[in-house]
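There are two complexes below, and they share chain A, which is joined by chain B in the first and by chain C in the second.
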Partner chain A sequence: MAGSALRRLMAEYKQLTLNPPEGIIAGPINEENFFEWEALITGPEGTCFEGGVFPAKLVFPSDYPLSPPKMQFTCEMFHPNIYSDGRVCISILHAPGDDPMGYETSAERWSPVQSVEKILLSVVSMLAEPNDESGANVDAAKMWRENRDEFNRIAEKIVRRTLGIPI
Partner chain B sequence: MRMGDNNEGGLGTSKDEPQMNQDEMILAQQRQIEKEISDSIPLVGSLEPLESLNKEYLTDTVYLEKVKDLAKKYKFMRRTRPDGNCFFRAFSYANVEILTGKKEEFEEFYKLAENSKNALVELGFQQFTVEDFYDTYMEVLKRIKTAPTVEESKNELHTLFNEQGFSDYMVVYLRLLTSGQLQKEEDFYSCFIEGHRTVADFCHQEVEPMYKESDHIHIIAACAALNTGVRVVYMDRGTGKSCTEHDLPEGCTPTVHLLYRPGHYDILYP
Partner chain C sequence: MRSLGISMLSVTLTTVVIANAYYQKKQFYPSVVYITKSNPSMAVIYIQAFICVWITGKLMRKIFFGQLRTTEFEHLMERSWYAITETCLAFTVFRDDFNPKFVALFTLLLFLKSFHWLAEDRVDYMERSPVISWLFHIRVLSLLLLLGFMDLYFIQHAYQSTITKGASVQLVFGFEYAILITVVANIAIKYGLHSVDLNSETPWDNKAVFLLYTELVMGLIKVILYIAFVAIMVRIYTLPLFAFRPMYYTIRNFKKAFSDVILSRRAIHNMNTLYPDATPDELRAADNVCIICREEMTTASKKLPCNHIFHTSCLRSWFQRQQTCPTCRLNILNSSTNNNDPRQDQRRRVVPPPGAAAAANPPNPFYNPYLAGANPFQIFNQPNGPQPQHPAPQANQQPPAHPNHTPNISENAAPPQAPNQTFPAFAFPPFPFLPFMAPPPMPPTNLRSLSAEELRRMEGNEMENVEARIQCLRNIQVMLDAAIVMMQQYSAAAAISSQIPIRIPSNTVQPNSSLHNATRVNPSNEANSSRQNGVLTSNTPEPLTNSDKEAYVSNLNGESSLSSTMNNEIGTESDRSSPSPEEEVRRRRLQKFLQNEQNEQQ
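After this line comes the complex of A and B, so read on.
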């Protein structure tokens, strides 16, 4: 099974290298191990995360793509759908039925024809439009709803930190 | 959900962690229990006399009567693992099993399968997401087709369908073909989808993911995709002493026969 997973991951890596989606770079951390990837995601324009470059790690199971990978930001993040330890909580990273957050039934789910690219594009949308119904970080969800100015200030700090600009 | 605590304004407080980890732990435990149950049953079992069903219903007169009725028409059965993929696995297995020993029909089916990938790509599936499943599907068909005797073909089929790597990829590919069929005939199938979902949404959520159980609509589309008819024999607690039969698509001459008990499909043999 791991052989099939490896073949698929290599195909996806090739695809992402040949046709990289805008604002996203992703690939194995070390070409000896295709089951751990690093991604760099640019904060979407016109949002409070604009300009930031956010590093994240993706870890793939041995039965990928039957099961989804796990994704975790490795920089500081403050966002309703990201746990305080950086783990990303969006519906595409879950198979239907796995419902810790009570996702909407219409939400995009994991299946073997999804891909790393689709995940990363979903994460970009998530940065642009947090879903405050499924709060992985309750404090962030609350602030996003009730005190947007403060939320934007924290986001700006994080953006500056990812770029190494003094706050 | 924990609410109302003071927000200290820090980035990423850890207070919300225990709540979330608990959800994930429950989920993981549920998965573990399901796995233990399902791992004790082979992906596709050996041929068993139909009467082996009696053992499951020793004190259940409703079911025992129905098994008796079923035994008038069917002599054997083959159990499949109850993991949510049982319809796809059973249907795929039974369909190929029937083709072993029928050279011309097997060739015809092989050609249909060979052309199926391009049809999926034309429907908008990304080539690299479909390729591995298609390759495995064709490899399995080829190995069964080229075995020197019918008996060896059947052994190969049974071996490959019990190797998780091959078996699950066969399931995925039939799921994709089913999804392709639903999307190709979107106008027809959209009438059968409840709620406000589009056919494409339905496919992404109910057909393409592994372990999602099958309904009538999956079966009709899978039959159309493989150009095969199936008879589903329903055995449940309902009144009457006989099981109900449904031929899908309606009016077809079914080749594959499946036993349906609420939530699960096994293969039947006349």
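After this line comes the complex of A and C, so read on.
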């Protein structure tokens, strides 16, 4: 039998392929290596990210699901909870014990019950409702709070860029 | 392409150097002497040697690993830089022995080390790869054998050299290769465990434990080796700075392995003693899928005090990290003594069972317990509150269509039709806030201050609420009509007894304020009773005859404190005969006001 992490990832891949959640596609970049995934997330409807298709990379640790994967958008993003290099900062991706922002309770942290699907759905809801209290991108958080129009404009620009539409 | 260019250049340079030497000296030995005496020529030869080592390395990599994966390459690069700096530090300690042979030996050490690292990564990869070919096994096995023999040979060499020639730089090599041989042993054990696991049909639960103990034993050996090495180096030479970083990491790893083993033992102990095995019935009742590994639970599984069931092995590896239930985060160490802990029930209510959790119901990362979580219960906290609420949707099910929703944006949201059109004479009186008054839910004082969300909620789906509100408005209307009738009656009475002075009690001097007082009386009771009397149904008050007015007043007499007082006043004051100037002023003022009111009514 292969390793438990591998089996679990294969099970999740199968599940995601058979019953894909709306607006989300995810799978290993290369089927020889199940520990690096690529995901495509569509921007939630009715938000400033609507219509965008955002590629992201998920890197799983060898002890998955005991430790959370890392997620990073591979396109340009401007969002209060996404670092400027694309890393996603949501509590579900933080192992209990490490708390980069110092405000999360352990109840919302990673646990083996979570899955790729839940992570991606959380990211979708994060896109829809940014949490400006934990500013991974302080500029974006400030703009989200104080100058929503400008934020929406930048978001739209990013959406257009991901779709390859000239601005 | 670039590396090919560099090697071609280096080969050309070497050829030129050798050709030049041979052209000048014509013979083999003089040419060799010439090259070794000339610094530029030696530099070229050294570069050529390094490039040869590089090419050999590439070749061996091709043979034993094939294509390197990105992570392997990154690890290799990262470790190489540390190793190179440490080697340079080591040179400073042994600067007396510095010679080409010494450099060559260090290069060889680095070369072999890098293959150990690669082998380590490759064997770790076994656990992650879905397909392990025969080629992989052959490669790993032959590489391990080769590395093991090389390490042993160099240890032997260092030992002999130290015995015969006394302490020298060979001491460092001896220790380095001793460390490397423990690495080889560790890799070999891991490889063996992984191979057994791969070839077994069922998951091998105890593999994790074996790996843990291997890590512990190897860590211990390495720590002992490093400490001995540093002690000997301090005695003979000086503080071996170059060994500090690896020593620190080794000790740290050992400490981690040690605590892992302790945690694992505690977890196993807890599971074996505290938690019962799940019975087949329980497994059937539950989802029968272990939420940790997403596989069916046919073999050993355990039930936690919170009734969640997991594979024993999955639970054990999780408990090494955290002593909580993966599903509900119940702290199993605290609650295991008391199965009826009330907190437990609380938590269970909040967290869905594993089956439901597997469905698409992601925990909201921005879940705010003060906003979203409390909402479903809010309606119970204030059952007669000003806004009829139905439980707010969970934040994660909320359609993401209102990202801009903030409590103060409501300009664009149309408020429900303002009811003050039905009685144009009066502004909507500020309603007192009476949460304890049951039947009609009061509309809030100012609809514009509510958010779109709240308005929508208020508009609601409850028919009764709307009806009750309409009823409430009708009652108010009835009351206002009654007040007007009373005023008319009063003015008529005043006109009849125009010669008779009237003393009006001070609280009725301003009819507007007394009207407010009247509406503040429980509107439902008031209105219901006046409806029961069957008097007022029309919307607009018409000019009434005197007898009608009398009937109104008498009907309202029982309920309205205002009318009763007024009647009493009229009754008692009709006896009086001498008007005082100030009462005359009051009377005029009142008449004027009533005229204004009537004008507005029409």
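Note that in this section the second predicted complex is superposed on the first by the 161 of 167 C-alpha atoms of A that agree within 3 Å, B and C clash if a C-alpha of one lies under 4 Å from a C-alpha of the other, contacts with A are read in each partner's own complex, and residues count from 1 in each chain.
By our rule, contacts are C-beta pairs under 8 Å (C-beta built on N, C-alpha and C of every residue); 3 or more make two chains touch, one makes a residue touch a chain.
Just so you know, these numbers come straight off a predicted model, no measurement behind them.
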Ask   = In the superposed model on chain A, is it clash or fit for chain B and chain C?
value = clash
Request  = Quick one: classify A:143 as touching chain B (first), chain C (second), both or neither.
outcome  = first
Request  = Determine, under the contact definition given at the top, whether A:113 touches first (chain B), second (chain C), both, or neither.
outcome  = both
Request  = Pick one for A:40: touches chain B only (first), chain C only (second), both, or neither.
outcome  = neither
Task = Once the structures are superposed on A, label A:11 by its partner contacts, choosing first (chain B), second (chain C), both or neither.
result = both
Message = Per the contact definition in the header, classify A:66: touching chain B only (first), chain C only (second), both, or neither.
response = both
Inquiry  = Tell me the contact category for A:135 with respect to chain B and chain C: first, second, both or neither.
reply    = first
Ask   = In the superposed arrangement, does A:32 touch chain B (first), chain C (second), both or neither?
value = second
Task = Would you check which partner chain A:48 touches, where first means chain B only, second means chain C only, and both and neither mean what they say?
result = second
Request  = Mind checking 130-138, 274-282, 454-462 or 472-480? I need the stretch of chain C that runs into chain B in the superposition.
outcome  = 274-282
Task = Once the two structures are superposed, pull the chain A residues common to the chain B and chain C interfaces.
result = 1, 3-4, 7-8, 11-12, 15, 63, 65-67, 95-96, 106, 108, 111-115
Chain A - residues contacting chain C, complex = 1-8, 10-12, 15, 21, 31-35, 44-48, 62-63, 65-67, 90-92, 95-96, 106-108, 111-115, 117-119, 121-122, 124-129, 131, 148
Message = Under the definition above, what is the set of chain C residues touching chain A in their complex?
response = 69, 124, 126-131, 197-198, 200-204, 291-295, 313-314, 317-318, 321-322, 324, 326-327, 329, 354, 357-358, 360, 362-367, 395-396, 399-404
Ask   = For the complex, which residues does chain A have touching chain B?
value = 1, 3-4, 7-8, 11-12, 15, 63, 65-67, 76-78, 83-85, 89, 95-98, 100-101, 105-106, 108-115, 135-139, 142-143, 150, 154, 157-158
Remark   = The answer for chain B against chain A in the complex is residues 1-3, 7, 9, 11-17, 20, 23-24, 27, 125-126, 128-133, 136, 164-165, 168-169, 172, 176, 195-197, 201, 204-206, 208-212
